[in-house]
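The structure is given below, and queries will be raised subsequently.
Lettered A, B, C and D in written order, each chain numbered from 1.
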Amino acid sequence: MLVPRVWSSVRQGLSGALSRTAGSWAPGEGRKMDISGVYPPVTTPFTATAEVDYGKLEENLHKLATFPFRGFLVQGSNGEFPFLTSSERLEVVSRARQVLPKDKLLLAGSGCESTQATVEMTVSMAQVGADAAVVVTPCYYRGRMSSAALIHHYTKVADLSPIPVVLYSVPVNTGLDLPVDAVVTLSQHPNIVGIKDSGGDVTRIGLIVHKTQRQDFQVLAGSAGFLLAGYAVGAVGGVCALANVLGAQVCQLERLCLTGQWEDAQKLQHRLIEPNTAVTQRFGIPGLKKTMDWFGYYGGPCRAPLQELSPAQEEMLRLDFTSNGWL
Amino acid sequence: MLVPRVWSSVRQGLSGALSRTAGSWAPGEGRKMDISGVYPPVTTPFTATAEVDYGKLEENLHKLATFPFRGFLVQGSNGEFPFLTSSERLEVVSRARQVLPKDKLLLAGSGCESTQATVEMTVSMAQVGADAAVVVTPCYYRGRMSSAALIHHYTKVADLSPIPVVLYSVPVNTGLDLPVDAVVTLSQHPNIVGIKDSGGDVTRIGLIVHKTQRQDFQVLAGSAGFLLAGYAVGAVGGVCALANVLGAQVCQLERLCLTGQWEDAQKLQHRLIEPNTAVTQRFGIPGLKKTMDWFGYYGGPCRAPLQELSPAQEEMLRLDFTSNGWL
Amino acid sequence: MLVPRVWSSVRQGLSGALSRTAGSWAPGEGRKMDISGVYPPVTTPFTATAEVDYGKLEENLHKLATFPFRGFLVQGSNGEFPFLTSSERLEVVSRARQVLPKDKLLLAGSGCESTQATVEMTVSMAQVGADAAVVVTPCYYRGRMSSAALIHHYTKVADLSPIPVVLYSVPVNTGLDLPVDAVVTLSQHPNIVGIKDSGGDVTRIGLIVHKTQRQDFQVLAGSAGFLLAGYAVGAVGGVCALANVLGAQVCQLERLCLTGQWEDAQKLQHRLIEPNTAVTQRFGIPGLKKTMDWFGYYGGPCRAPLQELSPAQEEMLRLDFTSNGWL
Amino acid sequence: MLVPRVWSSVRQGLSGALSRTAGSWAPGEGRKMDISGVYPPVTTPFTATAEVDYGKLEENLHKLATFPFRGFLVQGSNGEFPFLTSSERLEVVSRARQVLPKDKLLLAGSGCESTQATVEMTVSMAQVGADAAVVVTPCYYRGRMSSAALIHHYTKVADLSPIPVVLYSVPVNTGLDLPVDAVVTLSQHPNIVGIKDSGGDVTRIGLIVHKTQRQDFQVLAGSAGFLLAGYAVGAVGGVCALANVLGAQVCQLERLCLTGQWEDAQKLQHRLIEPNTAVTQRFGIPGLKKTMDWFGYYGGPCRAPLQELSPAQEEMLRLDFTSNGWL
């Protein structure tokens, strides 16, 4: 397994890089990477003894690759990344890259709490095949995460990353919304190509699109619940947990939006809201994995402390799908 | 002045009505009132000594009536209703009705903390000319405002109101979001025609539209910031503070949405977000009134404890308009 | 009934006063009124048809007056003041003053949303017998309630009030914590004698005591849950909902604290926390009134939209008292 | 360096243990470890190039060990533990144990997001010398961290930990308050000896003391801001960031409380609130480290993304100490 060696060489090689001042990143001559489209934020399958089940991961990806997704995100919040070791995080990226068709973009969540660890993880993920890095806001010291601190953090990461960086704001997990002024400043960095915004505030999304219009900066809606509204205000795609189970439908919603069939889009969007809420806020990853089991994928258990759903919760989860005609 | 007499007769007449059980409202045979369209939530002008300036109110309404608004809301949150006496609240409605063309709907905010007071105010406002009542959630005891309590409150008000009732959820002021399950239940009441939703969560708006689709129930976006997105998910109009100063533009945005010109709509929506935020969350009613002064209306002072903007705040407010090409 | 005349004369007389600049209040030569001690925040009894039951109010006060309370607060949050008309608010004060022994202080909650209405209500309450006014922070426009706005509001009220003013911060209802810097500034006003602080943050209470130590300014804990801790950091008493039902016990806790019997105080405090939480956050005024029924007072119904407890809730409420040995 | 070997052996040894059911921990026959007293939560010193400076750590501990602290906490929130590698976390514990006198308790923060990682870290920290483990609530998936999930997490950790476990609730960082019912359940575990509660809600602390009185369970106040109030309601000590710079004063406050000199205690407590707030909520670890520099310790830089204070912030920080007579 290649991972450990890569990891340790990264750690050594970066100690000097990290003390350099920001701005050393050499921009390419052209436009930023196009990241438009729909991505499922892939779950990490575990065995009954809580080991990562790479075989099941590959099987899930094989099945998912039949849909017209633009690509896949591994180790977004739905990937249980805070529960994985560094080696596991890299191995998941490596396996995903090997199994996925070349034309599918592989986004990898590389955020850590410290700037240094995030840089190291980002570089390592690039080395094992990630096409772009999705970097969540550090959050444990959220009271100190001012715009200035976050701008410094992301600038350093983008300076040192060999692959494009996507900002990632997910207040339900981090208790922190990446401020619009920081997003606007960071959009000017040649290696920062967009943001995955999971907050659901489309006024904010519209404002970000508006204020970054000269920067070739792209917004991905962070949930299927506001994918239509996101497109309406200028988002170019979405990273949607629901796409792990209703992949065809989420891709169809994208197509309806892109072709201006807003009436049909609205009808479809409406039927996706409750299932989407069910596998995100309402029942979380345990709900998403349970639903994957129903839809022919491998969901399986979560790592502790995440708990399985109770039978009553399963019933409610199922109802959110049946009442909208999906089961 | 007619008001006091009306008011006192209402108080006497209702004491019996309020002890009746809910459900006594006799529905008409037909459809619910159509409230689709754009409404400015009108401000209440005050003199330098903090008296209501009814003359200026009439002047503002005259000017605003030249735009293709569906109607007007008096005593929404922007009307400083918590600062008005009962008599003043009724007189504002009365004057507005007299000065407005007959084809403009007059919505009146009639919410009070108690159910009884809300019923009385609603009935009185109907008597002085309101076409529909917009009823904000009671909020002082928000910890006790369960779905059951809110359903009971609105049912009682709708039962006894001679005019249609519009629910009103504005968490930034009330600290309370009218729960979706309560909205769905209340949508079945024949005298409840819709909701003004000011929370800005379009996933929620989409879900409300979806789950009330058989009820002839209408959603109005509570702000110009998400008017386009609101239309995209099924709202039928908006109550927009910004329409007090950029009336033509908000009406144009409505027309672009209704005629499916989404690209132009998006461009216009983008340019309205910062001005909208400026006259709502950022600088509140003092900001809205200051802007009205700039745009040829009478803004004037607010009642205390609301404070005038500082010169530095005025500067920032102005910049939110000039940077988007509106001043 | 005297009230209406007083009220209307107040309204006329104050129109001039309100336009005067702040600072016109002529301080007495001496110290501020001593408000130390324990106060029950009295509930407002209603009949089955939701009329104020002044007879039951008087009966409750008679019974409560047998305990060594310093006085009583009418129309704190537990008095359902947002549900009362102006006339009812004044009549409650008037009746309470008539029935209470002369040596009991009568505090009256006079807060309204506007500064003008608060001044009028405060003056009127003084005229019908209140010894001091407890003024809650205005809160509907909480986003604009800066320290400057709140300082302006309270200064105006204190300038024009014939009786001492007590600040009142109750974030669970208002969504607003009166900022410490505003409290410190206001403590210098000769007619502002203290604060009822219901937030439960004793670090804040200690800081307020510390920074106002030269101002003869007094802090009352707003709940029996932190009465002991409040005394420990320098509070001089408390306004405790629980004192409506466990009056002897709350007075005993006060005595243990004042005489330095901290060990016994701690044991008693511990046994009061769950009952206190039950009649405040957990079950609110409906819970307090239900408990009053159990303890020989008249609790009765609340005005709508407050709802009665369900049987299951009543059971939990009872358990919070029985498990601590009070029932 | 011993650490890596220990770490890897732990990982192998535990894979079986983790799949065992909870409850396998064999309780000693006696009482729980006594953890009463004051502890500074030690900072982690870094060099200018952001390496851990173990020499400075030892120097700081030498100086701090001259005060009558009960012991020290390494890798509480003030130790920047989320920014350290696993090896660094263990090495800090190891060095601290070597340099500290035998009679000083060494508490080590061993919390990670997953249950498995927390168990491994706890076991490893025990092996390198920690006397007890302080385990912060997992928080990234806070929406799923029900009482049941947290009880399961802590039970597993306590079952498998060779050293006593202290619960750790710090909502300002985690956005999560360990529910009282979970604390009460967990207090019955023979290997869970107490809780470090940093929320500042003394009503809650009193309730925890009350409801765990038969369990030999101990509460440590998580901040010097409410140390006096904490003692008043039954806490037995505190973990106080301020003790890193005002060690003598915090120990004196403890002594005044333990000997019942509440009047002097109150005066001292008052003077510690502003400095305490300054080095915690207001300016965070950068503020604490800057203050350490002023008081003769090595503060030094934080790891990114934490930023240095601006000169204006330093000025305010200094004022919080000078205005209370500490500088």
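Everything below uses one rule, namely that contacts are C-beta pairs under 8 Å (C-beta built on N, C-alpha and C of every residue); 3 or more make two chains touch, one makes a residue touch a chain.
Labels paired with UniProt names: A, B, C, D = 4-hydroxy-2-oxoglutarate aldolase, mitochondrial.
Values in this document were obtained by computation on a predicted structure and should not be read as measured data.
J.: Using the contact definition given at the top, which chains are in touch with both chain A and chain B?
T.: Of all the chains present, none is in contact with both chain A and chain B.
J.: With chain centres set to the mean of the C-alpha atoms, which chain is at the far end from chain D?
T.: So the farthest one, by centre of C-alpha atoms, is B.
J.: Per the centroid of Cα atoms for each chain, what is the distance between chain A and chain D, given in Å?
T.: 33
J.: With chain centres taken as the means of their Cα atoms, state the distance from chain C to chain D in Å.
T.: 38
J.: CA centre of chain B versus CA centre of chain D: separation in Å?
T.: Using C-alpha averages as centres, the distance is 50 Å.
J.: Would you please write down the residue numbers of chain B that are in contact with two or more other chains?
T.: Within chain B, no residue touches at least two other chains.
J.: If we count contacts the way the header does, which residues on chain B are in touch with chain C in the complex?
T.: 15, 18-19, 49-50, 77, 82-83, 85, 113-117, 138, 140-146, 148-150, 152-153, 156, 172-175, 281, 284-286, 303-307
J.: For the complex, give me every residue of chain C touching chain D.
T.: 200-203, 206-207, 209-210, 213, 223, 225-226, 228-229, 232-234, 260, 262, 266, 269-271, 273-274, 276-277
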